[in-house]
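Per-chain residue numbering starts at 1, and chain names A, B, C and D are given in the order in which the chains are listed.
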Amino acid sequence: MNAIQFGLIGAGTIGRVHAQNIANHPQASLRWVVDNDRSRGETLAMAHGAAWFASLDDALTDKPVQAVVIASSTNVHEEHLLSCVRAGKAILCEKPIADGLDRAKACLDAARAAGVAAAIGFNRRLDVHHRAVYDRVRSGEIGPVETLHIVSRSSRSAAPEAAHRAGGMLREKGTHFYDLAFWMAGSEPVEIYAAGGCLFDQGYAAFGDVDTAALTLRFESGALATFSFSRRTAYGYDEMIEVFGAQGMLQSKRQRQRGVALYKGSNVIEDGMHAGWYERFAPTYVAQLDVFVAAVRDGGPVAADLADGMRAQAVAEAAIESVVQRKPIVIANIWRKQ
Amino acid sequence: MNAIQFGLIGAGTIGRVHAQNIANHPQASLRWVVDNDRSRGETLAMAHGAAWFASLDDALTDKPVQAVVIASSTNVHEEHLLSCVRAGKAILCEKPIADGLDRAKACLDAARAAGVAAAIGFNRRLDVHHRAVYDRVRSGEIGPVETLHIVSRSSRSAAPEAAHRAGGMLREKGTHFYDLAFWMAGSEPVEIYAAGGCLFDQGYAAFGDVDTAALTLRFESGALATFSFSRRTAYGYDEMIEVFGAQGMLQSKRQRQRGVALYKGSNVIEDGMHAGWYERFAPTYVAQLDVFVAAVRDGGPVAADLADGMRAQAVAEAAIESVVQRKPIVIANIWRKQ
Amino acid sequence: MNAIQFGLIGAGTIGRVHAQNIANHPQASLRWVVDNDRSRGETLAMAHGAAWFASLDDALTDKPVQAVVIASSTNVHEEHLLSCVRAGKAILCEKPIADGLDRAKACLDAARAAGVAAAIGFNRRLDVHHRAVYDRVRSGEIGPVETLHIVSRSSRSAAPEAAHRAGGMLREKGTHFYDLAFWMAGSEPVEIYAAGGCLFDQGYAAFGDVDTAALTLRFESGALATFSFSRRTAYGYDEMIEVFGAQGMLQSKRQRQRGVALYKGSNVIEDGMHAGWYERFAPTYVAQLDVFVAAVRDGGPVAADLADGMRAQAVAEAAIESVVQRKPIVIANIWRKQ
Amino acid sequence: MNAIQFGLIGAGTIGRVHAQNIANHPQASLRWVVDNDRSRGETLAMAHGAAWFASLDDALTDKPVQAVVIASSTNVHEEHLLSCVRAGKAILCEKPIADGLDRAKACLDAARAAGVAAAIGFNRRLDVHHRAVYDRVRSGEIGPVETLHIVSRSSRSAAPEAAHRAGGMLREKGTHFYDLAFWMAGSEPVEIYAAGGCLFDQGYAAFGDVDTAALTLRFESGALATFSFSRRTAYGYDEMIEVFGAQGMLQSKRQRQRGVALYKGSNVIEDGMHAGWYERFAPTYVAQLDVFVAAVRDGGPVAADLADGMRAQAVAEAAIESVVQRKPIVIANIWRKQ
């Protein structure tokens, strides 16, 4: 069975993760890397026996490549995604789809029209803990979902300008969690209220961004989800999900990096949380690639598709508007197929 | 040292708790109980060697009584509190102060003018777990407070009409937690957004009440508090506080009723939460009375005073308005001394 | 209903606990305290409106007293217990019964012959956590018991000579836990191996005592119990029970003094264990007295009787012999009724 | 850099684990598999592009192989190990070294005389949790070690005859944990008492084996280690280490297979333990191979050497003798270099 040939756009942090996982996958191989920074692009390509291109158009002339991972900055996702769609490649695109609703919609429409397999990088759906909660909630174990509470606090954050290029906190971080909430609630989002501010670094404000936010999302079913986001903690990466239903509550608990405890003085001092999101979620990128490879090969479903990405993006855009207007915003329902 | 003589208004559930605690306190004794339901009033009075009165005015002619606990329905708090103030009694009033802002303000103003000691029943400030978190947060251990998350979910709820008489969820339950949030954040509340609904019992809607709510409170400091409330759980009484600051996070964790675990099959099955709020918080009523007795005797501070009650009430009234208007509401700042 | 009149022998630490609990109990009152240290005896007696006696014989002429709590040093338990038996009083005796097997047997035989109610102070049977485990184990929830592991490590220990007077670690501490093991295993003890030593204070060795021990107890059923004892920890009082059966494992978990957690740096720092055994087990003394009062009043069973004390004592004596002989010792079965 | 060529003896469960890990390792490759069961030997060899041999002597004529993993039955370890030593191969041998003290000593002496790198498969030393405890204990964080408690209970056990071939519980399971105890205590073992029995399957008794055991090991330092072993649980694989020292206690806690909790009724139901030892310890085999590859390549130390294996074996043989004689047995100190 021949390995699926991959192209990769973007040789930054997350691009390097994808490159390594493609290289390790028994049914995938990395053929080229596109990055306009020659140094890092070529280094990554060479490490995996792949070619480096500065230009995506040049790379896309390489016929054997069936699938492309888009791991470039959010503000160029649209351009890259549309090019890949035109070239007929299967796509695994990092979230968010784009840095605005219209651009994201253009991507979704193009991919739908072309009929290419297009996945959005909602890797947290592949986390074994989150997924176990999802399976049990959707199977009805706790009855109808009434409220959800999701925490995501980063241990360290990008500087304001880089964070802005990535889409801003309510888009870049947020889309992961709006998606998880929808996925677990099993109902469509209708309205969001976002209260945010710059509590520790005013630099984000210059880009219309926040470093801290508390959001409330209302679903069609009446269920309510709350989100607590921060750009930095003093204790590592912090993620937790709590789903409260009529017949019980399920938690995907905070994870500890090790199971070690010290009893000393008046305390029990346990090894704490993972240093960062990658230490916590590295296995989910492998699992996500695995599902994507199977989808490309066998035509099966991806873990999350562009419509899922579009739904989360619509929530993000409403959340951003809510911060500006300081009131709840109705979410544009533009992700469903007409 | 003579015991302080107490009067008690209200022989319902919480009235009986106060009566028992007064009877057990080495420096307090119960002299009368007022309740217009003769049967329950007289039964409670007799159990503690006290007199029963149908009328508060009659009871207040009894000079030796120095202090009165008001444990009647919220909708008659104002009447009872004003009578006690006029009679010059020290007051420990169950929360909320009243079922509306003006009525609560009248109580606060009258008590201030008369100079009587007046405590509000925010017993959770006396919980040893919450208090330890408070002490450590206020001492600066986690730096400036950025966000708080408070969960309070009742294991069983009053029927809609009784719940309405008690003030409704956002007043009766809510005031406890708005107060805890303010107390820990160390900043005044300025705006609240409350998303609520009847997710399991539409009966509450007839009284303008909700059974489920998610609230976001903004403080002067910029800190944000979120609250998750429900009128029933499938797993006992659920309360938890999380305070996130620049230098760490402190939690007052969910409590378990017992420290027992069963390892069986693919699970570890631990003894769960307390059956109800009383099982969880019984000791706080004893501690609250102890502080109040000391305040009456020695003129020291009460654990929480009517101004604290007024602040929480102002938040509650804004929260109720927010549910109606479906937008954030600015909190009337009427609790501070002019 | 008249309160039961109590006498108390011993005004030391544990004597003061009993005095306070008797004073607080609605159906008990303290009539006299015997202690040959006039200062502490009289102080304790006066605090509860009781009389002080230097001599037990004098005190026992006081007819209204129905029940006596023996809280003197272990080395005078026999003398005190036999006097109380002769006077026909109901007895609640602190453990161990005596500091040797013959003396303990003499106590048991005398109490049996006289037919007086005689309880041994195995208060841990009244701990709600331990008791829940016991109830579930005995109900068959985990099937036949195969192994038990019991930890008891004191946060601070008596000096060697005082510890010796109290019976030594394997008697004074040990009897509590041999009893719990028997109680939960539901089988009689047959052989014990005790490996002990002075790992931090050679002073205990001068009295034939140890500061650290690991014991293995074999039951008639074949079940095995291990015990880990220490005279001091660097982290408060440490007690834990684990019962492993054919169909599951039940734990009475380590308790924490408060439910507070701090997330900071690479750790989660939780509030630790209770400062000492009393902070952990204070409620069990109240519960034990309650059962004893009911037994005296109504003739019901005590929580643990002298035969239970005798069984644990027989294990203790064998354990002490095992340390000397460095091999397992068969336990003299002298606690059963012939 | 050329990969190190490996041979593998034994295509059973653990042999397949080693084969897969060698195949995945970037600096190792599998050249042959020896197993006298042609079907399973050839299948495993083919899966990794290796050759199959029925005879070890034939295989050892293959010069490029530098290192051999011995994963055959314990009762043929000696024969296989001596052959590999004679052939000058580096060796990674599964524990225990042999099924008797003399045979194990012969292996150790031969390997020492030949000067080949020889590792024993004490993979638990590579567990990140255990290792973190080890590092902190050895760095002095809890002061001198006074007691250790180690639990290892298998979720399912081999049938009596197969278990006997593997060495019996006190050898096959035991050597892992005697080694961990020594490793953490930092002191040599001097005496052991083992109380064991067949509590659920008398079939083991026919082979002089037990299904349940409680052991007490005394170290030169005076420290005491207790072990609780069982051949089956009703709740998955159960392993836990507790190290108690003068200045604190460190635990390598029981691990859970997932971080999911359900709050329902009067319980909190958490996802439990791993199904078996392999699910819990799979990563340690990878880590162990990594250390071994580096040792073969660079001449560095192995994670545990044959002398470590010999020490644990000496403890095992004394433990087996202790069960027979029902008394503590002095451990033959034959692992140190003369």
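Here, a residue touches a chain if its C-beta (ideal position, glycine included) is under 8 Å from a C-beta of that chain, and two chains touch if they have at least 3 such contacts.
Model, not experiment: these values are computed from the prediction.
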| item | value |
| --- | --- |
| Smallest count of steps, each to a touching chain, taking chain B to chain D | 1 |
| Interface sides of chain A and chain C: same vs different residues, half threshold | same |
| Winner on C-beta contact pairs when B-C is weighed against C-D | C-D |
| Inter-centroid spacing, chain D versus chain C (mean Cα positions, whole Å) | 42 |
| Distance between chain centroids, defined by C-alpha means - chain A, chain C (Å) | 59 |
| Residue numbers of chain D (touch at least two other chains) | 142, 233-235, 238, 247-249, 263-265, 271 |
| Chain D residues within the chain A interface of the complex | 128-129, 132-133, 136, 141-142, 247-255, 258-265, 271 |
| Chain C contact footprint on chain D (complex, rising order) | 142-144, 146-147, 149, 151, 153, 193, 195, 197, 199-200, 212-214, 216, 218, 222-226, 228, 230, 233-235, 238, 244-249, 326-328 |
| Chain B - residues contacting chain D, complex | 233-236, 238, 256-257, 263-273, 275 |
